[in-house]
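Two complexes are shown next, each including chain A; its partner changes from chain B in the first to chain C in the second.
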Partner chain A sequence: MKNSAAMLLLSLVPMLTQQAAVAGPEDDREAFVEYFQSRFPDVAFAEFANGIYAIDEDARGQWLDIEEFPPYEFAVEQGETLWQEALPDGARLADCFGQSTGDIRPAYPRFDAGRGEVVTLAVAINDCRQTQKLPVWPYDSEELISITAYLAYAARGKPVVTQIHADEPGALAAYEEGKRFYYSKRGQLNFACSDCHVTSVGLHVRADRLSPSLGHTTHFPVYRSKLGTVISLHQRFSGCVRDVRAKPFALQSEEFRNLEYFLSYMSNGLEFNGPGARK
Partner chain B sequence: MHGKNLKFFMPLCDFRRLAAGIAAMSVLALAAAHATTDDGIAAGKSLAMERSKGNCLACHSIEDGELPGTIGPPLVAMKLRFPERAALKQQICDATVRNVDSRMPPFCRHGILTEDEVELIVDYLYTL
Partner chain C sequence: MAPVRASKRGMALAVLAAVFAAAGCTTAFEQQLAEAELLRVEAAAAGAEWLQTGALLEQARDEAAGGDMDAARALVDKARFQGEAALRQAEHEASAWQNRVVQ
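Coming up: the complex of A and B.
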């Protein structure tokens, strides 16, 4: 009962991995995009920002209904309030960023050469709190997530432009770490992220249909109707890691920040469209 | 089959019968490794279906199973496709032997199922 599509997939993935191991990020990205476009030739590149809705008509219909009254609107409004709020010394969160509101989300994740690590938007917001002598927010807190919802909303329509500068070897190393994480088998169930979101894309795990990884980072944070709340990208990573019964990683751990860096780079050229809504 | 099960377990309140029951059960357990029994097949089926055990339905469609996944091939005509019991057992115990990149969890190697549990699942699969 082996069908030829499955065979093709099984043979393609090692090829993709091998090729990626020797070539630079840009070659990786082109191969990544090409793979998903050849799997779904009728789906336009820009559509991959919509996750499962790019490839599943039924889910798409339900989603369009949901979007009539966006369930993440409350988070966006709460985020805007927190963003505008004057802090004890009269400053605002916005003062840390020196960019127009819509340009902040696209500036992350970025490699900070001074610190020698990937800085994500959530980390940058907490850094700002620290410079203003305020306690940091837990990474699963409503406050932090709603601010990222607001900044995602403000950036809608801007392209993903993740940078890896050739003169910063640390940036390439962080990207390579993220890539290794993505393709490594882990957990009692022995799955790599790519086993589900590349090799098995579009197939079902029980009733769930697997979304393409291309575009995975564009729409976060995401309102989950199952949970009735808005979650961050790292909470989603954490859920998938738990599902394969693997060792957990902290939200905003170095592993997850590098993973985000890799996946964001893969999504370069797509548009930001967060916050999203998912089941 | 369920009726037979009931008859077998009901009289256990009587001590003498309890002892006899335990003896019968261990014979049954021994037998499972060698010969297929109806109880073994039923046990194999639930091991295959349970989410915390085989959860084979996550990836394979199986007769009677609702909302099957589509990552692996449907589990049908198993005797025809796996005439050798050892090969079928190995596919379940460690699918990476046959295919290093397999997306099927190595059930025995990673301690998700014991070899005895896999034997029961194999008994069940041969009825498909």
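Coming up: the complex of A and C.
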């Protein structure tokens, strides 16, 4: 009797530890939010959508000046033109998406059970091009990024509502992959995303201050004044991977799509506020 | 986990050596180059390739083609070190990342 009780206990141990390791996404998100709120107790939750401007007064002042003449306006207008434009067979890009314009951005990234992978907005737009028998746009092309700028603008004020359905094991697996990527050290400098954007958040790295990862996905694409152009979230991922001297993954690679899925889930409940403007 | 990996790598290197022997190109340099390249590919498969490794191997080939074998070997050594370090990093991170998750 004693023995079997001990056996039962022993057999429970791996189950318990396994459960602790694979905490649910909602537990993860709550812990994530709590961490940043305790690091910055004076910053309201909604403010985290503004990245570095939520925690840096000087940068915020400069940003508000910049927003008087939004540098991404041109991209939004170009995106709108492309969005309305009739395609050769008379259809429009909008016809692929059965939603009103403002609801499209918040529907991504989503896990597509049929394909067994995360589909981002950029991928969905290119899928649409393919169904129209048009060549896909490169993921760093002005056309594609402009359209995402337009759709981001149309979605301003809507909440981030990244979904992980319990009955889709693939969705949870993709989320877990993104989470693992986010917390793994990589590159010659041996840094994880979390080393900078969680542990060292608010500290200075050369001329920059490190922004919180809470809210990282809400405002993309982003106009970078340093580059004089609008860039996608995956281009920013690529830059940060390169900065730790690791070989970046391709834009819209499975790695980056899963990472986007994880980070988007972490930002649930914040508002979309793209396109953004950054240094 | 680690020993399995190591023996798999050992086997791949042995196969590689045999292929080189059969092809008649067995210079020590070519074999070192191929081994470093294999480590780079393995690191890439683990999602852990470092930024410069491919470029180091590229430069090594150029130096060898230009006849500067000392420079070529030094570059291969660096690339090999990077490939090994990247693989060690990936093996370590396979579980270590979990300690960083915000609780």
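The rule is short, and it goes like this: the second predicted complex is superposed on the first by the 257 of 279 C-alpha atoms of A that agree within 3 Å, B and C clash if a C-alpha of one lies under 4 Å from a C-alpha of the other, contacts with A are read in each partner's own complex, and residues count from 1 in each chain.
What we mean here is this: a residue touches a chain if its C-beta (ideal position, glycine included) is under 8 Å from a C-beta of that chain, and two chains touch if they have at least 3 such contacts.
No experiment lies behind these values; they were computed from the predicted model shown.
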Partner chain(s) touched by A:Glu255 [first = chain B, second = chain C, both, neither]: second
Touching partner for A:Asn190 - first (chain B), second (chain C), both, neither: both
Partner chain(s) touched by A:Val205 [first = chain B, second = chain C, both, neither]: first
Which of chain B and chain C A:Lys247 touches, first, second, both or neither: second
First (chain B), second (chain C), both or neither touched by A:Lys133: neither
First, second, both or neither for A:Lys226, with chain B first and chain C second: neither
Chain B or chain C, by number of chain A residues touched: C
On chain A, the residue positions that both chain B and chain C contact, one per complex: 188, 190, 195, 199
Chain B residues within the chain A interface of the complex: 57-59, 67-71, 73-74, 76, 96, 99, 101, 103, 105-106, 110-112
Touching residues on chain A, where the partner in the complex is chain B: 1-2, 6, 10, 13-14, 188-191, 195-196, 199-200, 203-207
Partner chain C, residues of chain A touching it in the complex: 21, 23, 28, 31-32, 35, 179-181, 183-188, 190, 192, 194-195, 198-199, 242, 245-249, 255
Residues on chain C engaged by chain A in the complex (per definition of touch): 44, 47-54, 82, 85, 89, 93, 96-98, 100-103
